[in-house]
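Supplied in structure tokens, the structure appears directly below.
Lettered A, B, C, D and E in written order, each chain numbered from 1.
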Amino acid sequence: MEYIYAIAILMALYVILATSFNFIIGYGGLISIAHPVFYALGAYSSALLARDMGVPVFLAIPAGGLIALIASVAVALPSLRISGDYLLIASIGFQLGILELIKNLPWTGGSGGLTNIPSFLTQTAGREAYVAFAVAAAIGSVLLLRWIAQGPYGRAMSAMRDDELAFAALGRNAMTMKIAIFALGSSLAGLAGGIYVHYFRFIAPGQFDILQSSALLTMVVVGGLRSTWGPIVGAIALEALPQAITFVNLPPSVLGPLQGILFTSLVLIFMFVRPQGLIAASERWHGRNEEVRDARRA
Amino acid sequence: MFSLPILAQIMWTSLATSTCSVLFALAFALVLKVNRVFNFAQAAMMTVGFYAAFTVVGLANGPAWLGFAAAIVASVAMAILLEIFGFRVLRRRRASSMFVFIFALVVSELVAYLVMLVFGTWPATIFPSLFWPVTLVGPVAVSQWDVPALAATIVAVAAVFGFLRYSRAGQFMIAVADNPDLAEFYGIAKDRIHLITMIVAGLLTGLAMFLYGSRAQVQPMASIELLLFAIAATIIGGIGNLGGTVLTAVVLGIVQNASVLFIPSEWQGFLLYIFLFLAIVFFPKGIRLPERRLTRTAPAPSLIADEPEGA
Amino acid sequence: MLAGLEVTNLSKRFGGIVVADAIDLTVPSGRIVGLIGPNGAGKTSFFNLVSGVVPPDAGRIVLDGKNMTDLKMPQRARLGLARTWQNLRLFPSLSVLDNLLIGARDYPGERLATLVFQPGRIRRTGKAERLKALEVLERTGLAGIADTEIANVPFGQQKLIGVARALMNDPRCLLLDEPMAGVEGHAYRAIQKVVRGLAESGVAVCVVEHNVAFIRDLCDEGVFMFAGKVLARGDVESLVADPRLTELYFGT
Amino acid sequence: MTLHRRTLLGGIGISALAVPVARAQSAAFRFGLAMPLTGGQATYGQDQVKAAQWAIEDINNAGGINGKPLAAIVLDTQADAQTGIQAATRLASVEKVPAFVTAWSEVVKAVAPIANDSKVVELSVGANSADIAKLGDYVYTTFPLAAVDITAVARYAATTMDKQRAAVLYINNETGTVAAQIYRDVFTKAGGKVVAYEAYDPKATDWTGTLLKVRMALPDIIHIQGLVADTPQVIAQMRQLGISQPISSYSAIYNPKLIQQLGPAANNVIATSLAPGVDNSPAVKAYVERWTKEVGREPNGLPYTQYLYDAPYLVAAVFKSLDDKKIPITGENFRKEMLAIRTFDLPLTGKLTFADDHTVSKRVYLMRVTDGAWTQLAVVD
Amino acid sequence: MLEIDNLTARHGSLTALSNVSFALEPGKRLGVFGHNGAGKTTLLRCIVGAHVPDQGVVRFQNKPVAAGHVAENVRRGIAFVAQGHNVFPTLSVEQNLRVAGLLFDQTFAKEVLRIFPVLNERRHQRAGSMSGGEQQMLALGMALMTQPKWLLLDEPSTGLAPVIVRNVMRQLFAINQTIGTGLIIVEQNVPATLKIVEHAVILKSAGVVFDGSAETLASKSDLWEWF
């Protein structure tokens, strides 16, 4: 059962990560790759708070999210001031810099990773409770972001992506909005990190490097940018597919690279044949239209 | 403590080893300047370049010159493939820069996995031996790798700048970099120029990877990390400023190496990202000397949005 | 204090090119002022300076007595300054109605904090703004296409949507950048009617337009600009009749 | 985070790569074997698994455990924490083995909570992180931790070689930092002085600054704690910079490739080996001959594979004891019985005794390159 | 012959040109007028191939121009001087001319420098640092480097002082006379243009509202009517 639980939790966490990453790069149109590092920040903060400062885990997890949020604002504020592409480079610098920092600081466990992290729920209420907690967090994140994207905020995000200048001339501050999007998405990643770390109880900086970013990007792009189901399908499919592959009886030396080849080719094929992803989002923004109808009736 | 011979040695060896980074950075910066693409797929060009040379020299015991030729041919071929089947298509589709970025990164990974499949993950070098005999020049140890590498790099950099300045294609490249839409009105076919730029980048990458691989061990995923340094040098040197990029690559190499005399060496890697981050925040257009009259400077290309309507 | 837009000594240069040369210009509330001048005279630049797209080198911009020289574009908009664009700049991924809703000045639903903490307020204002947008669409004769995608709307009506979107701001001053270029028929008359109605309700309107007939029909007075300077101000007829200005406009 | 650099898109599922050996015999004694079969470390992992499987064959050919066969459930870890967690979880909860064998520090640490939670014995057979001793009740190592061989090499340098001034150069990762500290402590305690203590970045390709700092300190001996990928290059650069002092390192560089890569510069490089070599034990000699005969080469990381060959013998001994006493096979009982036996006599690596701190102590073989070949320098107990 | 045959072009939902047709003999001089947004620039861009028309065709020497392939049409002899941003700002005057003429006769640069003495004086200056008038001259000179049979100019007088406008127009006329290059000038400065062109076309709301000789247009008194 534990095996299924672990898979369920990971899938739930990946749904949170892909969905919140989609919020940033899809809805916000912000080119960042640093999502895994906010995941890492959440995980490390929560782990250290709980382990070394005695903060109860149920408080440490949201605190991890909060720290990821603060860090994301700290990156976005200076780099968004310039131009979108700089955020990409700044995010690379930020991601690698933070990982380098984690490796070198004396109290993070260094590159060997952090051990002896307190667990949560698993002893008292059983693992089922934790699985339920992770899945609930995933569903909650998806619903929250979907609710935001389909409401007035989503409308404004669409407008901002369409034409920032016209958006500003209508009294909207695109900069504030971008930072808010970045912060919200990153804090959800931080939250996911907290959930991860108190179940698996080990983290190391190597788990969060640039190729992780690429894997997350893959989930979002193959799933379908700017759709609710796209990143969910992308996350679950890319988590489940490798299992299917292992049923094919191949020697291990071939299997390892073959998976990489399979996935990267899949992304490339998608980029050229189906750039909109598995679940294509409409170019047009769709709000909760019943409200529009209500208004007309009123 | 930091005596002159020590400093001289650091300067010399850092200078010699910065040659590879200079070439990587120049290739990256050139493609960014002319084609306006953050070519993360350069890592793929680097990987195939190295493994081509490795196959010829390391595995088949072929002569060094043949390995060199193989590196060049493989890198250039990869560059051509990338341009024609990748960037050109995406450009026609007006793909967003994020899309282009993902494409380039994923291609790099795909190539790394293919290489893994064929060559395995064991670190490899082009020549069986890593050791280069040294000669002492005064107090400074000069290895037999240093001088040819420096010479080759200087020749290559000079050739690129000469090519840009004096050849027809090079001037077209400058023109396309300066104002791509205008360039067309003088009969310049942009597609061709973009292709030539990638070929030049391929040549530089092939050479650099041959130099690098004859001195250090390479693993299939190593190129992606190597490229990060090139990106940092390009950004800090000022986007569009090739001279600045070359200079920054050299200075960064030396500073990083010399930094261990002043800071604990485990922070060496961190230093690069600090530089990169600070450069983006405070000097988005690159750190450069006060502009001389008549010097060439190009504004940082905006790769996403249109410029706001000016006057 | 003058109600309306008051610009004094507004100056801006880009490198060697002077786009605004100590412009003094007032647009009182309830008046429609047309800017006439050849290409490159600095008309659109004037709009960009007033709306905050580019910061001026010198000068002062005051709306209804409030100095907004140092304010950023969104803040100016929130003080009641609205504009349209030569190239429309509508939001293609939004429907006509949603385009208008982005124009609304009160938008608590676009703040994450409000979204979480005051959902009731969002519902209330959301409803009110929707009603208002539908009313504006009704007024401009666009009600029938409220749910249509922008790309499927004819060009003339797109211009009209641009104006309607600006109206959602309840502007105190409206800058119209070539509202009539490429517009004919119903949309033409609708824009005319809407702008007149606005002026009557006390909005200061400034129009850049090359279609002289339109300027003549619509504007209370004209301002002739040339090389970043205001050269003459008066009723449109007399400006057009002035051979000196004609010469500047068409050249010699 | 599921994905590791080498795994990338692989995710959790790799662990589903189960290779049940001898599943047909339902009554088999089963244990887990979680090793990297894919990814960057697979070159080692695959050879190690092969060694373990040979041992299982040999045990079964010799009659098995009281007539019943021994079987291993082999799962891939990619040497990656997350994939390792998947493998260990599956071994503990799906395959329900009482014990599993694994390696690589990151994996050993990452799966420790699973072992402790599900009361399944985790045997580390190839990881030297000092943390391993403190991972919990169910985590034991058959492989000596860094302290053992680093202590040996440091003490040998200070006492037998009579070196006064040592420079320590270590890669800035976990293996490097922990081992470097041990070296420094031991060397200092033995009366020497550590005159330079420098980390280096694995991603760098030029270490001139660091090496010159080492050279300036005028050491008598230099200890390098690096990885296979960078250590040869660091040594090459050191020699190129005229640093000709003896160099010591640990088991990672004990391979023939080093000599090929460095040529004469490899002379006077000292490495450790934690398992007896062909000259020390006829069993090892036969084992290496078997490799050359069946695979056509020596295994990658010979000493490590020796530990893997021995692991099934240890497990089999515990199973046999349990079976003899008719104690039900559970993780808890496995642990109790293993500690009750405590000392095992293993075919390739010799005698093993679990200490109270969950570690083992082993004989260390110091190897040195002389005239282009590895020769045994000393054996330290 | 340069034939514009039933050209219709749109920008999204905006119709910029609607059924525009006319034809020109080689070496002729045409002025195109009309208010902003009347479709003048689109017309020029269609001729040089920078805009792909939705309908109709532009024929040059009895062969359609390659829509969407500017470089090809330029090599065939159609030069286009855009309005603004029409020099390479970071290159010197000399480099600008050289780049412009790379595919053509480079020695012609001497001739260009002779025609425009001001460029000769500023040979080594960075083009971006020159005044608007000088940049306009340079753009003209660069267009000439391609030795065009037709020279299309989009508002060459914008931002120039009247005395310079006259100078530019004179130069254009001289080029037409000496080299035989046909001219199509989109202009706002009607009188100055009418002085050097033979034909005039006025566009209004994407269509042709006047197509006749320059003299006829010059004799019309109220130009505002057309705009």
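What we mean here is this: contacts are C-beta pairs under 8 Å (C-beta built on N, C-alpha and C of every residue); 3 or more make two chains touch, one makes a residue touch a chain.
All of these numbers come straight from a predicted model, not from anything done at the bench.
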Review point. So which chains count as neighbours of both subunit B and subunit C?
Key: A, E
Point to revise | Chain at maximum distance from subunit A, centres defined as averaged CA atoms | key: E
Point to revise | Chain pair, most C-beta pairs within the contact cut-off | key: A-D
**Study point:** Approximate Å spacing (C-alpha centroids) for the pair subunit C, subunit E
**Key:** 32
Study note, to complete from the structure: Separation of the C-alpha centres, subunit A versus subunit D, in whole Å, is 36
Review point. Which whole number of Å gives the spacing of the CA centres of subunit D and subunit E?
Key: 77
Exercise for review: Find every residue in subunit D that makes contact with two or more other chains and list them.
Suggested key: 5-6, 8, 39, 42, 172
Point to revise | Touching two or more other chains - residue numbers and ranges from subunit A | key: 103-104, 165, 211, 214, 218, 253, 256-257, 260, 264
Study note, to complete from the structure: Per the touch rule above, subunit C residues touching subunit E in the complex are 15-17, 38-40, 151, 153-155, 158, 178, 181-182, 184, 210-212, 240, 246-247, 249-252
Point to revise | subunit B to subunit A touching residues, read off their complex | key: 38, 89, 93, 95, 97-99, 101-103, 105-107, 109-110, 112-114, 116-117, 120, 221, 224, 228, 231-232, 235, 266-267, 269-270, 273-274, 276-277, 280-281, 284, 300, 302-305, 308-309
Check your understanding: Where on subunit E does subunit C make contact in their complex?
Key -> 12-15, 35-37, 128, 131-132, 155, 157-159, 162, 165, 187-193, 205-206, 223-224, 227
Check your understanding: Across the complex, what residues on subunit C touch subunit A?
Key -> 51-53, 72-75, 77-78, 82-83, 85, 89-95, 97-99, 101-103, 105, 107, 109-112, 115, 122, 126-127, 130-131, 134, 146-147, 149, 165, 169
Check your understanding: Tell me, which parts of subunit D touch subunit B in their complex?
Key -> 5-6, 8, 39-43, 172, 198-201, 203-206, 208-210, 212-213, 216, 228-230, 232-233, 236, 239-242, 260-265
